[in-house]
Each structure stands twice: as structure tokens, then as C-alpha cells.
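What follows is a pair of complexes built around subunit A, which joins subunit B in one and subunit C in the other.
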Partner chain A sequence: MTSKRDMAFFTKVEPPQHLFEAVLAYIALARRRAARIRLAALGTVMVVSVAALVPSINYAIHEFYASGFYDYLSLFFSDSSVAFGHWQELSLSLAESLPSLAVLLLLGFSIALLWSLRRIAPNVRMAMMPIQSA
Partner chain B sequence: MEQFKKLVPSEKVRQVLYGLGILFVAMLIFHAGVVTGSHRHFPGKAGPGFGLRGPGFNVQLPRGFIPNGHGSVGTIQNVSTSSITLQTRDGATQTVLLTDKTSIRTQSGAASSTALSVGQQVIILGTPNDDGTISADLIRATPDSVRNPIKR
Partner chain C sequence: MDSDEDLIAAYMEGDEHAFAQLVERHLKTVYSFAFRFVGSQSDAEDIVQESFLKVWKNLKRYSSRSASFKTWLMHIVRNTAIDHLRKRKQIPFSAFEDDEGKSLFEDLSDEAPLAEELFAQAQDSKEVEKAVLKLSPAYREVLLLYYGSDLTFEEVAAILGAPTNTVKSRHRRAVVALRETLHRK
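Up next is the complex of A and B:
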């Protein structure tokens, strides 16, 4: 709440020229700096997740093969009556052979990549924004 | 490129991220159960893991699945009237017991134990025993089916 006395003070004191523009420019500069820091961090996350995604896909494919998950799943297509006849053992075998670590890694890196891509877009705009000096 | 710029911050991508996140948490809980269960019931049974090798690094990732559970997949090494010995894909040896309940099937239908031969690929479904063997309920002979897509 501004009192009448304060208002009188502001009318007597002349603010420097272009103060308003200078404050806005400084805010824009601070925002741009923050956006550039975020951009660097997100870019690192994106590069690391892309680099890790390829071996994690290979790991997942290998583990799905080595655990026999593909073979258990193929029973549903090659011999469905038998598969449904032994559904309890088959479901347990599918659950046991699911390479959860490989799936976790794959999901983790995919989430990191997608999240960083999503967050990078607005930061790129802000980081490249020109600052108009007062 | 314009479509990509519109897609990345869109609501659909946010929903996909939420879906993947939920799946990730579910898999994390599942994996915690697998690790706890396999340490308790199958100590030291897991074979060597998957190797990630490159210039200056060699990382061995552990197996993420339970060996010798309610089923097994491998190549027959030895056949007798009461059991078969398998070599599983991770190089371990697995004994499978044939019981009265065991049903044997080939691609052409029901068969007897004489249809099983050394070198054949089989899928086993059954009940795990305390001594590490499996009492087979179903033995399904397969053609030389799935080949390892990633050579180590």
C-alpha cells in the first residue's frame, strides 16, 4: 500500500532514463542464461540417452532370446490349444523369463530421451532469444 | 521439421511419458521381486550376463530373469526313459524328469518319448523341484527356431 507521502516522494525523484527497459533487459538476460544452462543439461541427458539406447536395445534383444521368452510366446501361435491347456505353467514361465532388467534399462533411457526432447524445445527458443539493449 | 516441433511439446507426448513412467515403476517393482526371489530360491544359478564391450570398457550386465523356473528352453543333450538333459541358451545344464503326466508334442502333434532325440530344440513347461530339476508337464519339440539375433 503506497501512502500519499510515498507518492509525493516518487513524484519528486526522477528515475534514470530507460530504467524500465534496462530492468526488462536484465530479466530477459537472466532468463536466457538460465535457459542456456538448462539446455546444456538437457542436451547432455539427450546425448547420453541416445548413446545408451543402442546397447540397451541389443541387451534387451539378447536377453529376450537367452531367457526363452520368445519361445514361450511362440507357443501361443504355433500350438495355441496346448498353450491354453497349460496356461498356468506358461504364464509363470513367461513371467520368470521376462528380462526385467533389460526392459527397465530400455524404458529408462527411452523416458530420458523423450523427456529431454520435450523440455529442450521451449529452452532452445528462450536460449536463442536476442536481448534488446535499452 | 515443423510437425516435429509441434509434436514434441504436445499433450500426446506427455501422455506417452506418463504411460512409460507407470510401466517403468511397475517393472521396477517386478524386478525387485525377481531379485529377491532369485536370491532366496536360486542362489548362484544365474549364468554369465550380457557383455557390453568397447574401447576401454567391458561391462557385464547380470541376467534379469530366473533360470530353472517353471520352464526351460534348450537343446537335448541326453535322453533316457525317465529324464532328459538339456543345454540351456546360457550354457547351463538342466535335468528334466519325465512323469506319467508328461505330454510330448512335435510339430505334427502328440508323440512319445521316442520322438525326442539328441540335438533337438525343446520347450519345457512343468514344476520346479527342490533339487533344481523340472518335472515336465509339456515337452514341445520345435524346429531350430529362434536364432540369437545378437552375437556375443
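Up next is the complex of A and C:
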């Protein structure tokens, strides 16, 4: 009995010579396009986070003073014996006076900036990659 | 020689060349299926490029536990080819309807034909090629996957998302239809 692999019609067709390179170039093109889109998004994140970081630092500094957090913290340096003697109460006061919104904003923008900086480099490389046309 | 899974793992670890090897290994099978499914070289090339792009985009989601790479790849190729035909409005289409729209399959006997015998009888491969292109895509894909891509009925069933028995019966009907077309010439 003839094997199904032996049948003339179903033997495989030889692909055109340029097809292999064309497939790789097509993928490289899509990859470059995706990298450029990512780059634009990351660039936006970076610019926004840098722009937001300055006011959020100022806001955090203001809030640290206004909430009394700085005063409680300075006790550790100015009068450490009292501070360590009542460390439990002082820790509670520090936690209560911590300007959480300001800290969250500062951390959020810092993380966004670091994350975008870390991811920008490989995308720049990919976005600038030359494509060999088949 | 590295298995497909080894090449995928190597690519995931940053070896760019591994993906090219994967393309090179399966290019002929994919192109043959696409070419015989759509019957045009330029359309087949588009399908091949689009399919490998989808493979590259979804490679992270591929799991060798659910299917072999070849089965997964041919599933993508088959769907891409169908989408391509849909865009060109070549689906739905049946070459087996008479003027009143009645399916000619209704009159076909359902005896299990010997496909090997049928292909051996066909005078040349061009004759079969033309006849296969006249089949409905549902029949064409079964023949091309089973005979042209060295897949088992189980693998074809996985690609089509149909039970193995359905695929076997569709294969039998496809061969009957092909025989009818070849005899009508």
C-alpha cells in the first residue's frame, strides 16, 4: 500500500528563495514598530514622572514639616535618651504623622521614572534596528 | 538536532537565532499548506508571513503540554489562511452545489474510498491540485493537513478543534468529493 507521504500531489512545495528572509524581515519590522510604540509610551511616562517628581518632592517636604513628623523624628537626634525611653509612643506618633499621600506620590513617580528608564534602553536599540529587506 | 521546544526555550532566553531556526524548519510545511489551500503564490507568502508573525507574538503563551509545536503552528496557519480567504470573500464557497443550491454531497455514496488508490489513478499531480482547489475549504484543509503536513488524524482534530471521528468522517467525504471531481473531468 502506498504511504500517504509518497503521493506526488502532497509532496511539499519548495517555498520561494526569498521567503525565509521575508518572514524574518516582516517580524523584525513588526518588532521595530512595537518598540517605537513602546518607546513613545515610555517617553511619555518618563516626561510625566520627571515633571511630577519636582512638585511631589516639594509637597512631601512641606507635609513632613506640617504634620509634625519632622519634629518627632528630630527627637531621636536631639534628645535620644528620652526618645529611646519612650520609643513605643514616639513610633506611634511617627506613624500617625507620616504624610502617607505625599509619600505615596513621591514613591509612585520615582518608581515610574526608574521603570521607564530601565525599559527605554532596550527599546531604543530595537527601534533603531535596521531592517534588511528580502 | 534541537527539538522545537528546545529552540523555543533558547529563544525565550535571548537566543535570536533560535527563532530563525524554527522558521527555517517549518517553512516548507507551512508554505505547502498555504499554497495548496489558497492556490496562489503571493497569497501563500502573505499567509506564511502573517502566520509566523502570530507565532512570534504568541510564543510566550505556547505550552508544549497542550499540543506539539507543529500542531499549534498549523492551527495558526489554518486560521490565518481562512481569515485570508474571508477577506477576499472566498468563504463561504462551495464548488459542489448545483443550480438549485443543492449540495452534491447528498448524492455521494459514503463508502470509505481508498485515498491512495484515488491519487495513484490521477494522471498527474496538477490534476489533483486543481480538483483539491475546487473542494470546500473544510474538506480541503483536512486533506492538506493529513496528507500534506504529515499529521495524524488526532493532530488534525486538535488543529481543527473537532473530534477525531468527525475529522475521519470529513476526510472520507473529502476523498469521495475529490473522486467525484476527478471523474467528472
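Heads up, the rule we're going with is that the second predicted complex is superposed on the first by the 119 of 134 C-alpha atoms of A that agree within 3 Å, B and C clash if a C-alpha of one lies under 4 Å from a C-alpha of the other, contacts with A are read in each partner's own complex, and residues count from 1 in each chain.
The criterion applied here is as follows: a residue touches a chain if its C-beta (ideal position, glycine included) is under 8 Å from a C-beta of that chain, and two chains touch if they have at least 3 such contacts.
None of the values given here were measured: they were computed from a predicted structure.
**Q** If we overlay the two complexes on their shared chain A, which of subunit B and subunit C does A:Pro15 touch? Say first, second, both or neither.
**A** It touches subunit C, and subunit B stays clear.
**Q** Tell me which partner A:Leu101 touches in the superposition: subunit B (first), subunit C (second), both or neither.
**A** first
**Q** Mind working out whether A:Tyr26 is in touch with subunit B, subunit C, both or neither, as first, second, both or neither?
**A** Only subunit C is touched by A:Tyr26; subunit B is not.
**Q** I want to verify the contact counts: of subunit B and subunit C, which reaches more residues of subunit A?
**A** Comparing subunit B with subunit C, the partner touching more subunit A residues is B.
**Q** Contacts for A:Phe84 in the overlay, against subunit B (first) and subunit C (second): which applies, first, second, both or neither?
**A** So A:Phe84 meets neither subunit B nor subunit C here.
**Q** Can you check the complex and tell me which residues of subunit A touch subunit C?
**A** Contacts found on subunit A: 1-2, 4-5, 7-16, 19-20, 22-24, 26-27, 30-31.
**Q** Which residues of subunit B touch subunit A in the complex?
**A** By the definition above, subunit B touches subunit A via 5, 8-9, 13-14, 16-17, 20-21, 23-24, 27-28, 30-31, 34, 50, 52, 61-66, 69-74, 88-90, 103, 105, 107, 123, 125-127, 137-138, 140, 142, 145-146, 148-150, 152.
**Q** Please name which positions on subunit A make contact with subunit B in the complex.
**A** For subunit A paired with subunit B, touching residues are 55, 58-59, 61-63, 65-72, 74-75, 78-79, 82, 86, 89-90, 92-93, 96-104, 107-108, 110-111, 114-115, 117-118, 120-122.
**Q** Considering only the defined contacts, which subunit C positions touch subunit A in the complex?
**A** Going through subunit C, the ones touching subunit A are 19-20, 23-24, 27-29, 31-32, 35-36, 41, 45, 48-49, 52-53, 56-57, 115-116, 119-120, 122, 124-125, 128-129, 132, 144, 146-148, 150.
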